[in-house]
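In the part that follows, the structures are each spelled out as structure tokens.
Heads up, the next two complexes both have subunit A, just with different partners, subunit B and then subunit C.
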Partner chain A sequence: MSQEVKKERPAPDPNSAKYKLNAIAMKAYADAQAAKDRGELIGWCSSNFPVEIPETLGIAVCYPENQAAAIAARGAGAKMCEISEADGYSNDICAYARISLAYAKIKDAPEQNMPQPDFMLCCNNICNCMIKWYENLAKELNIPMIMIDIPFNPDYEVSDAEVEYIKAQFWDAIHQLEEITGKKWSDEKYKEVMEYSGRTSRAWLAATSCAKYTPSPFNGFDLLNHMAVMVTARGKVEAADAMETLLKEYEENHATGKSTFREEEKHRIMFEGIACWPWLRATSTGLKSRGINMVTTIYADAFGFIYKDFDDMCRAYAKVPNAINLELARDKRVKLCKENHVEGLLVHTNRSCKLWSGFMYEMSRQIGETCNIPVASFDGDQADPRNFSEAQYDTRVQGLTEIMEANKGV
Partner chain B sequence: MKSVTEILEQLKAIAENPRAQKDALIASGKKVVLTAPVYTPEELVHSLGMVPMGAWGGDIELMEAKRYFPAFICSIVQSLVELGIKGVYDGVSAVIIPSLCDSLKVVGENWKYAVPNIPFLPMTYPQNRKPEYGKEFTKKGYEKLIEELEKISGETFEDGKLAQSIRIYNEHNALMRELSEVLADHPEVTAAQRSVVFKSAFFMLKEEHSKVIRELLEALKEQKPGEAKIKIMTTGILADSPSLLNIIDSNGLQIVADDVAAESRQYRTDALEDTTALDSLSGKFCAMDHCSVLYDVEKKRIDLIVETAKNHGARGVLMVLTKFCDPEEFDYPLIKKACDAAGLPIILIEVDRQMENYEQAGTMIETFKDMLGKNS
Partner chain C sequence: MIYTLGIDIGSTTSKGMILKDGSDEVASSIVLAGTGTAGPKMLMEQLYEQSGLKPEDIAFTIVTGYGRKTFQEADDQLSELTCHSKGVSFLFPQVRTVIDIGGQDAKVLALNDQGKMTNFIMNDKCAAGTGRFLDVMAQILQLKIGDLEKEAEKADNPAKISSTCTVFAESEVISQLAMGVDMPNLVAGICQSVASRVAGLAKRIGIHEQVCMSGGVAQNGGVRQALQNELGVPILYSEQAQLMGALGAALYAYERVMNK
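Up next, the complex of A and B:
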């Protein structure tokens, strides 16, 4: 049996964006635990719930999706999924949900623990699966659930009727939370949160747009890690500071000819879908070994929440990736492909995500045609390792590479 | 007066050949609008002089739809698109698809490109249905849909006409509820026959279906109930597979009540009096509950299944799970827990619209029957 020899890595620079971003992500868990230990009520929160609400109210929340991704990335996805399956949950259900339902039952996962919830904060702008998952947790744990319904928008624009519906729910959620926790909404605090969120978002958009440079000053897999902070902490001053640092680093990398993509950048692709967390290294290596840099993903656009007031914020939450129609979703991706000189599209057909994968075949055809780039897809899963084949991935990536090479006349 | 068997044969002919029904309606000058699962405002279509026809896919092999959907999207919506691509729906004026689950959200988006000759009319319902703002959003959604339906029908919407349509639909609801109760006392009506009563309702104008149901109710009064069978209740989205129904019948089981989306869930809620007919229709949706695609933190559907089964003397519950239907898959463990606590045996049979081999389902149902028989 061979033993892996780990190279000694230098201690991370505490002033680096990577260090700061990781610290924010870890602090979120520590803060929630500390709040729980103080006797405060804490929530479990879906990833695109308006973070401004708990942030303004000063309520600590944890994110089961981030926890499930961390558990899966650290190798316990299958173990946790099987616990839920033994309780009767189909293995066709989203693996994040299966992991989370298992965690609520066994209450311990050394890969990533977090405090148990006193209430659930649900928003279905990413999927309706979220409603079912949180309903079951609320029922099983006998705790309240606050539900913000942001329906899938079949139109290109968000209607005034939808904004009114969302706004009414935001205020309803705020009032329910005030009642549950005893904390009070402050317009002044909200303005502060909105300002930080704007700063963080602008820096994120600017940093991710550095992929316009050739070679790109960053490895796109970085975005998959950093977006956790964008989702959960963008209303915090620390997040604004960390994202501004990230932008500065990327600009410096460009100026000095450096990149966090350590290989020669032979090809530039867009990656579509949630990462295969249990197979992150395999999916990353399959690209890196061929000199393929994944320069952009829809996350680059999705989490730039820039809005001017409360109504505008409601509108922004109706425009997150899984809440928009095929045409708007396509146009956002086409823009990213064109601005970042993308040469190929790699699509993760994610068994866990019916909504993300359900019209991807048609949309990726249209993106490929509009941008004149090849498209390849592979089957995988965001958290259940059993739904991924390394051999299939390799074959598909090789096929994509060959077409990109042919297009360049290599 | 027609006999029960004659009426059921008449409904079977309609249930088994919706295409002929659609073609006949179009040939008679009617416009047909398809209504996808699970709930759509059929009354609006009806009030504008058009015929709403339920479109819940069909038991066919998926070929063309595979270009649009990965394999793990439910077969109801995939077969809906397959039928559209194959031209089975040709001649209809539009399809209304509500976005009540993730698979329904994506089917509409694919429909636009897969079946471009039939306009896609989205219906966006609120999940927060109980507060007033939920009702307001429903009404706004209906107003938007009315604009589209007016263009298609060439007619102008009138609240008075909608009130008439609502009366017809409420009356039909009441008859379907009554029929389900009456059939519980008639074990001689098979599960397959019970199914065509519900299925045919999707393909007929409701006033016409009501007429037939009234005849059926009268005929049932005259018919002596057959020998008792083992009573069960069904739950799920769809339970109309002929093979599955045959297994239920050949094992001597009788469906005495159901919580099936394509059956009784359609008829539980009436539109009540309100300021306008449109308010009344909006209120109807908001009053709906007990369904896997409608948000309910209390999960009252589960209690309803147990209560209904007990009230009807059902000895067990058969959950017909449409593969890849996550709203139902999420409810199952909790339904099972509640049934177990109530001492009510439950069996899960997974089906899809491409299923050909029912051997395993047959064995499971046979074992289930044996278990229920012993419990008697």
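Up next, the complex of A and C:
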């Protein structure tokens, strides 16, 4: 009987963007654990909280959303959800929240551990369910919660009044954190963080915009991995360096005709919604096997923040995708579709995210009409594996493919 | 003469059609057993027996439906979305909207003036608004699925079945029975419930006339009538509604042969 020969993978190049980005993502958890071990106070932080604040203050934070995604992608989503459901949390609420609440209770998940928090940092610009999730964590763990309210903006622009409202809260959060941790705000340090955050964001957005090339120099699913650094470390110099490397690699790929999308790129689509982490391989393979490259997603660009000063930073945080009105949100997506030569739209109707999935009914219709592209949607969940059917996903993707082929006269 | 075969293996039934020269039906059959059963094998036997043809006489076979991935005897596979569009537009060239309600899903397909699908929308994972919903309801009422239409026709005051979940609707129907609601009104309410769920989908993608129903549930006049009322447009329907996917597959198979 022949023995299975395992192919040895080449050692990763430590100068590659992939290596650097993975190292930063892992180091974020290690740094937080090290800070905790030194006796420093650490926080749990929502993904679109102004990371510049803890970064400037030198406070280590962890990101429950990021952790829940990692736990779900590594196969423990259902186990964790069932723990919080047994505690009385409805399976109608966000699966990130259920995983996070379970983790706060059992305090161990080999799939992705992180230190327990001493305070919570919550910002509702990307999600309103987060307020109750964080409040419950704060109550269960008996720790303070700092809340920044960035209301949904029905207008196309961010008004000066809204900037003032947000700025006052940012300063209040800074003062509360100074009091809780004993660390002091420094304008000099803030300038440095702002510079790194700007460099990281500019490089990230330039890298994602390389999908304008045909074929795209990258597989869009790469963005879902790389964006972990945008969530957790965008204010760090290493992140700026890694993102600039990523941009350079994508430009080089384009120049040399290479791509991290290993198949022939037959079709290009935009993916809408948070990734279906428990079924990432199934959702990715369903596209790749048909030569479909998911070249763009608003979800990735959502974590690039470009601003010039503190006021402008407040404005930038009021413009994250789920805080803006349908017309502006639609126009941003239409721009991505047009710039990146998108031929179809695949929408993840995400059971966990009622807000995002709710407005997509109408928005996807408008995007489809404006860009003259077919739209298909599938049911799934960002972290609860029980809300996905592979066969149903496959039929929808095949239907979308057949329309795109027919449009090209294939 | 060129014979092509279209097979549509659904969740509850297997359907097939053999065409001669891409237009004339030579054989067709429906077996009440779907993917994962002996249904597809029985279907093939029936088609060959009916037509007098042998497997080697078939120039090209396309399989569609939920069982398309596991059926090994076809030359290629296509989604049921594309095949239903093709089948319906072959019989009704003026149709621009197809409403296909099958065993476990409901689909609304938008067609262009060449009969090509340009967009589609499907129900979510829930079985409400599908053939399975009607199966469950018929079982509770101890009726045959084919009797639902006759019962619905006699209704004068259709009951309101408001639950969108099949399981909850089941208990709602049982409690209405217990309250003395008569059979015709209960059946009409059930048909109305399916129609209103599907109409919601259809309105999201946009209704463009002509509208045609395909799939097994299209044979239920109660649902057809209720859907017509909901949408406010006439709904075309073929006696062979359940075979539209197989017909479309056989037509695509013929195109493949001609384009070789």
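Following the convention adopted for this analysis, the second predicted complex is superposed on the first by the 400 of 410 C-alpha atoms of A that agree within 3 Å, B and C clash if a C-alpha of one lies under 4 Å from a C-alpha of the other, contacts with A are read in each partner's own complex, and residues count from 1 in each chain.
Note that a residue touches a chain if its C-beta (ideal position, glycine included) is under 8 Å from a C-beta of that chain, and two chains touch if they have at least 3 such contacts.
Just so you know, these numbers come straight off a predicted model, no measurement behind them.
Engineer: Tell me which partner A:151 touches in the superposition: subunit B (first), subunit C (second), both or neither.
Structural biologist: In the superposition, A:151 touches subunit B alone.
Engineer: According to the contact criterion defined above, which of subunit B and subunit C contacts more residues of subunit A?
Structural biologist: Higher number of touched subunit A residues: B.
Engineer: Could you tell me if A:11 is touching subunit B, subunit C, both of them or neither one (first, second, both, neither)?
Structural biologist: In the superposition, A:11 contacts neither subunit B nor subunit C.
Engineer: According to the stated criteria, A:389 is in contact with first (subunit B), second (subunit C), both, or neither; which is it?
Structural biologist: A:389 contacts subunit C only, not subunit B.
Engineer: Scan A:132 for contacts with subunit B and subunit C and give back first, second, both or neither.
Structural biologist: first
Engineer: Which partner does A:164 reach: the first (subunit B), the second (subunit C), both, or neither?
Structural biologist: In the superposition, A:164 contacts subunit B only.
Engineer: In the superposed arrangement, does A:361 touch subunit B (first), subunit C (second), both or neither?
Structural biologist: Both subunit B and subunit C are touched by A:361.
Engineer: Is A:402 touching the first partner subunit B, the second partner subunit C, both, or neither of them?
Structural biologist: It touches subunit C, and subunit B stays clear.
Engineer: What is the contact status of A:349 with respect to subunit B (first) and subunit C (second): first, second, both, or neither?
Structural biologist: Both partners, subunit B and subunit C.
Engineer: Does any part of subunit A touch subunit B in one structure and subunit C in the other, and if so which residues?
Structural biologist: The overlap between the subunit B and subunit C interfaces on subunit A comprises residues 349, 361.
Engineer: Can you list the residues on subunit B that touch subunit A in the complex?
Structural biologist: Per the stated touch rule, the residues are 67-70, 72-73, 99-103, 105-110, 112-114, 122, 124-128, 131, 133-134, 136-137, 140-141, 144, 292-293, 295-299, 321, 323-324, 326-327, 329-334, 336.
Engineer: Over in the complex, which subunit A residues touch subunit C? Could you list them?
Structural biologist: Touch residues, subunit A against subunit C: 349, 361, 365, 368, 374-377, 379, 387, 389, 391-392, 394-396, 398-399, 402-403, 406.
Engineer: Using the touch definition up top, name the residues of subunit C that touch subunit A in the complex.
Structural biologist: Residues of subunit C touching subunit A: 66, 69, 78-82, 105, 116-122, 124-125, 204-205.
Engineer: Enumerate the contact residues on subunit A facing subunit B in the complex.
Structural biologist: Of all residues in subunit A, those touching subunit B are 87-90, 92-94, 97, 124, 127-129, 131-133, 135-136, 138-140, 144-145, 147-149, 151-155, 159, 161-162, 164-165, 168-169, 172, 325-326, 349, 351, 354-355, 357-362.
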